[in-house]
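Next come two complexes, and both contain chain A; in the first it sits with chain B, in the second with chain C.
Let's turn to the complex of A and B:
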């Protein structure tokens, strides 16, 4: 590739990525040259500013038509734009939570690392959302994963944190190996790593053996990627890691990293397998022929997450299982493959972002104050801090899908999507309804603590401004999108044209 | 007025928000805020009701959400049923707000109580003006939340906490049915709008099996909310909440929401004979089942709770017998006399600080206002002629007879007998005779509590006259006006039904008097004239014995049999579901042993299972 072609690319469409990269570099240099005694908190604010700048530049690109540079390794289509928006908003809020994080054992000296590793992870996620090539997708995935492994072990002198990082890295490697193995089959069959070329090539595969191999590749990729989603069968790391990692990292893993997992899943599955024949008589595309397997995983994930959550006493483990369950609901969207699948997924991930991050901001505050993560720490919160208790109650109601909250609209969309196709997915919907009912038990368990138990400690609670901001924004968004969801859907339809350019 | 009816639910919402924010500073002055805002709702509701007498139904809505090419709407509607419900709900809520000022005095969470009352009233008023199922469902859940918070108001009591949780979960079980039915209806009719659903039903666009299925699923939701068998168990437990809450939520409004839902969807139910039959059978069974349990309860509020369950069963029976007017009419009269009974019971509890009727007695002389008012309520619920309950119960019996449900009709007659008996047993044990335990400082409640009861007392007497076979069926004619799907305003029935109904209620009262009123007389007589006529005494005793052998033991047997059903069958079912769920959870967490090898193994096994299924099915499940 000569210089001229290189210069002819429209680099402008990568502005958000460049900003994040620049900020990550700047943060690492600042950390290096800043005197040891100085607080690293300022780095957090710089990072926050960087994410906001990236967000602004992304909003500037929204009107931009679909564009692809660097031999299709970087694409800017509606899908990329819409989901990057979620990643950036989520990251900005996690950064706010992180600046309000004051662990009991010294994190101070490593705090700088925390912020630029966080930026690197975000960059990986963004690359994934806008990639049209298996190689860059994989690089993005690894950039995200490796940064997250270190983030999980950030509290270096805390045994739980060490254990968490260790488990995360080992499980992650297994998952990566499986994914990569699956990808290698696809590469072997098509001889290219470019998703579009693969899709074109696969339309004309008629050899049954090849189709069978492609099916195996499908399973390996799905199972491997389910690690990032924290979905069955690769969900078991989540509770241990969520519990041990510092709370902002847990928030990051449960929201941003999960969103990234869904992004890469959609990219790969719908680019490669939507056009491949399944070899049956009706000429179904492979992805439709195999959707029942995804449904199976979705059902298993919902059941496992919700049932085991019933027995948790540690609030972070509880939220780990809750996040597994939520991944199950989101998998229902993929399994039902309705016409407005992207809209549904986007809305639910957005709603989940706000309700979960809001809840984590409160969890961080409550658990830090008492030094324990048992749910009894929430006892009598309503008396000590009515605002926190009411906000938490609304987040929990939204996670449980009670009407009036964004979570309800999200679930409603999922139901509609699953029932509208001619052969509705009744079984899946029934499992979802039943497990949702189960989820009321543990969400309400926390509410009972907050409202109906006497407070153990009656000290006044002072909330840092950054956390107040996160809680306030999440609260407003959870209620706003629950009462007037059309705001979000109008925005989606007005700007992304039903995601039709995904397959172009 | 009607075009601004949306403002009615907003008053209590404002009260809620205001009290949540400033309640702590206002302390007991919070009551005035709550009372004023609900008074505004009440005045507005009455104006809307009078407006609706002369003008046609008003409906306004706008697009709320677009999914794909489906549009969901939100808005409000004022039809006859809605206008009537608005007045009932806001009136009872206003009276309960007033009453609570006396009853809750001194509670250190006084402002919170008023805030919750506001939230509940908002939800309930919002529920009754919703023009579509989705919006109804939204408020339906919110009402449940309000009830949950208020039952658990005395959260330091273990029982209250458990009751709040039980109420929430039991009604949620019903709600799942409602949700599924609602989604199925949407899928079939393409809309959540009541009007469009009815249009689709009438046009035959929905298959008859589907109509039956969705109607029954929606009825499951109503069963949960209205405490019908087998989901009734939460309602008696809910009596752990403060008594004004029991009057508002668990007598007059929320529990009637299930009946309201069936009434609002009446054209759907009439399209399916099976669905109607289900409603009627569940209703009649619940009526007699709960009444028989009420015969042996000792807690004043629990007797009233079982009687509520039983009366709601009557309303369901009416609706299931195509007696739309009878059901709605009884809903209205019951709201008044049952709220009265609960408030009066609250006044009794306020005076004697116990709920056990074995410890009461002789309160008639001490509670000069509460006693007569309680008697009015008892007469009304027992169906004594000229009181409101008499007219509405008569309508129900006629409807059941006219619809050909002979068995159910007789069940309802027996239940009416039980009702009269246990209500007067309650009355005699509380007010007649002499105090069975030492009671000091028994005094009448302040006027802020007695005045709301007087208002309800008047209504419990006169509310029946809006729809009588003698002076015209004004309410019935108005309710079904312009809507042939709802049936006739008045169903003609044989005159003997009224006589039978009167006879059984008087018989019940007489029996109760013999056993509970008379027995205490006999005790007086025994102590004063001990040496005289042992024979007469023996005979009296024999009669009592005879009655207790036949009637009480019979009833006890039925009730213990039904209790057995409840404990072993219903609770067993519920327990086994929760047991299985939690043991699966335990099993799952055992797997989660912290061993990273296990985690990897599980992932590989999962992959292997998928691949094996794939291999066996030749790759294709379809």
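Let's turn to the complex of A and C:
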């Protein structure tokens, strides 16, 4: 390849990625050459500025038509743009939470590492969201996973943190291996790693044996990626990892990493298996023929996540199960495959981002203050810090899906999407309603602690400015998108044109 | 279908090799047992029959720095391995591969700087 072809590529569409990569490199060099005594907090602010710059450059690209460079390994379609927006906003907020994180032990000397590993993880997620090739998808996935393994073990002298990192590495590697095995079958059958070429080739597969192998590949990929989403029955790692990891990392795993998991799932499943034949008489595409299995996964995830959450006393474990349950609701969207699937998924992930990060900012503040993660630490929060208690209550109501909050609109959309197809997913919808009712018990349990239990210590709580900003933004967004959701939907309609260029 | 049979026949050879791999040691050990004389006595059971008497535990602790050094060596060894095919095919790959390679080497240099600053290269 000579210089002209190289320059003829439109590198501009990769600006957000280049910014993140540059910031990650700069942060690692700064950390190395800064004197030991100096606080590493400044790195967090540099990282935050970098994420904001990437966000601005991404907003500048929104009007850009679909474009792909480097033989389709990098593509900028509406799907990529919309979900990168979520990733960047989520990461900016997690960085704010992280700058307010002052653990009692450890992390001090590793704080620099935290920020650039975090940037590397974000870069992986962003590459995944705009990739049209199995190889770059996988590289992005690994960049995200390996960085998060180290992030989970950041508190080097904390046993829980060590345990969480170890479990995460082992479970994550097994999941990755299974996914990769599934991908290798698809590659073996089509002879290409390019998603678009694959789709074209698969429409003409009629051999029974090949279809059988494709089905096998489908299951392996779904199983492997379900680990990343923490969907039941592959959720066992999540509570331990969430509990042991430092709170900002937990927030990152439960929001940004989960969003990335859904991104890669949609990229792979809907690019490859929407075009593969299932071999039955009506010529149904494979993904529709195997829809029930995804629906089963969604149902099991909702039931298991919500029921086990009832028994949790540790707030981070509780939120781990809550996030498993939320992954179940999101899987309902994928299982129902309605016309508005992308919009619904995007809106729910956005709502989830705000309400969960807001809740985690408060959790970090409360648990750090007392050093314990038991739910009873929230007792009498209303007396000590009315603003925190009311904000937390609104986030919990939103997570539970009470009208007036963004979570409600998101759930409503999921219901509509599941009921719109001609045969309707009534069983799935009824499971979702039933488990939502179950979820009220544990969400309201925290609220009972906050409002009706006497306070343990009555000292005034002083909140760091960064955390206040996160809580404020989350609160505003949760209520705004709950009262006027059409702002978000108009934005989607106006800029992304119903994601029609996903399949082009 | 023709191709399919051909494809599966290739696995037949794998199967034959698997059988050979299992049978060979079994037969060899079994024949050895039949042929050799059986005369056990104490000195035969020592670790080194005509060597030095072992005097402490076989597990030895050694400095963890050996491990880190080995890791560093492997990383930079792999880098060299990547550089070779690029250098050989440079004529065909052209300027694009040169830029890619420069980025790759630059990233590895950062890795080296990291190791240096973290005192991996210093032997205490």
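Side notes on the structure shown:
Here, the second predicted complex is superposed on the first by the 504 of 504 C-alpha atoms of A that agree within 3 Å, B and C clash if a C-alpha of one lies under 4 Å from a C-alpha of the other, contacts with A are read in each partner's own complex, and residues count from 1 in each chain.
As a convention for this text, contacts are C-beta pairs under 8 Å (C-beta built on N, C-alpha and C of every residue); 3 or more make two chains touch, one makes a residue touch a chain.
Computed from a prediction, not measured in an experiment: that's the story for all the values here.
When the two complexes are overlaid on chain A, chain B and chain C sit side by side with no clash. Of the two partner chains placed around the shared chain by superposition, chain B is the only one that A:403 touches, whereas chain C remains out of contact.
Look at A:170: by the touch rule set out above, it reaches chain B but stays clear of chain C.
When both complexes are overlaid on chain A, the residue A:209 reaches chain C alone and has no touch with chain B. When both complexes are overlaid on chain A, the residue A:310 reaches chain B alone and has no touch with chain C.
In the superposition on chain A, A:29 makes contact with chain C only, while chain B stays out of contact range. In the superposed model, A:62 makes contact with neither chain B nor chain C. Judged by the touch definition given at the top, the superposed model places A:234 against chain B, while chain C stays out of reach. When the shared chain is aligned, no partner comes close enough to touch A:53: not chain B, not chain C. Once the two structures are overlaid, the count of chain A residues touched is higher for B than for its counterpart among chain B and chain C. Between chain B and chain C in the chain A overlay, the least Cα distance found is 20 Å. Of the residues of chain A, not a single one touches chain B in one of the two structures and chain C in the other.
Within the complex formed with chain A, the residues of chain C that make contact are 4, 93-97, 99, 107, 110, 113-114, 117.
Only residues 166-167, 170-171, 174-175, 178, 211-212, 215-216, 219-220, 223, 227, 232-234, 236-237, 239-240, 278-280, 284, 289, 292-293, 296-297, 303-304, 307-312, 338-340, 343, 386, 390, 402-404, 409, 413, 415-416, 419-420, 424, 433-434, 437-438, 440-441, 444, 448, 451-454, 484-486, 489-490, 493 of chain A touch chain B when the two sit together in their complex.
Per the touch definition, chain B reaches chain A in the complex via residues 20, 63-68, 70, 137-138, 141-142, 145, 149, 152, 155-156, 161, 164-165, 168-169, 172-173, 176, 179-180, 183, 187, 581-582, 584-586, 588-589, 591-592, 594, 596, 598-600, 602-603, 605-607, 610-611, 613-614, 619-622. If you check the complex, the residues on chain A that touch chain C are 1-3, 5-6, 25, 28-29, 32-33, 207, 209.
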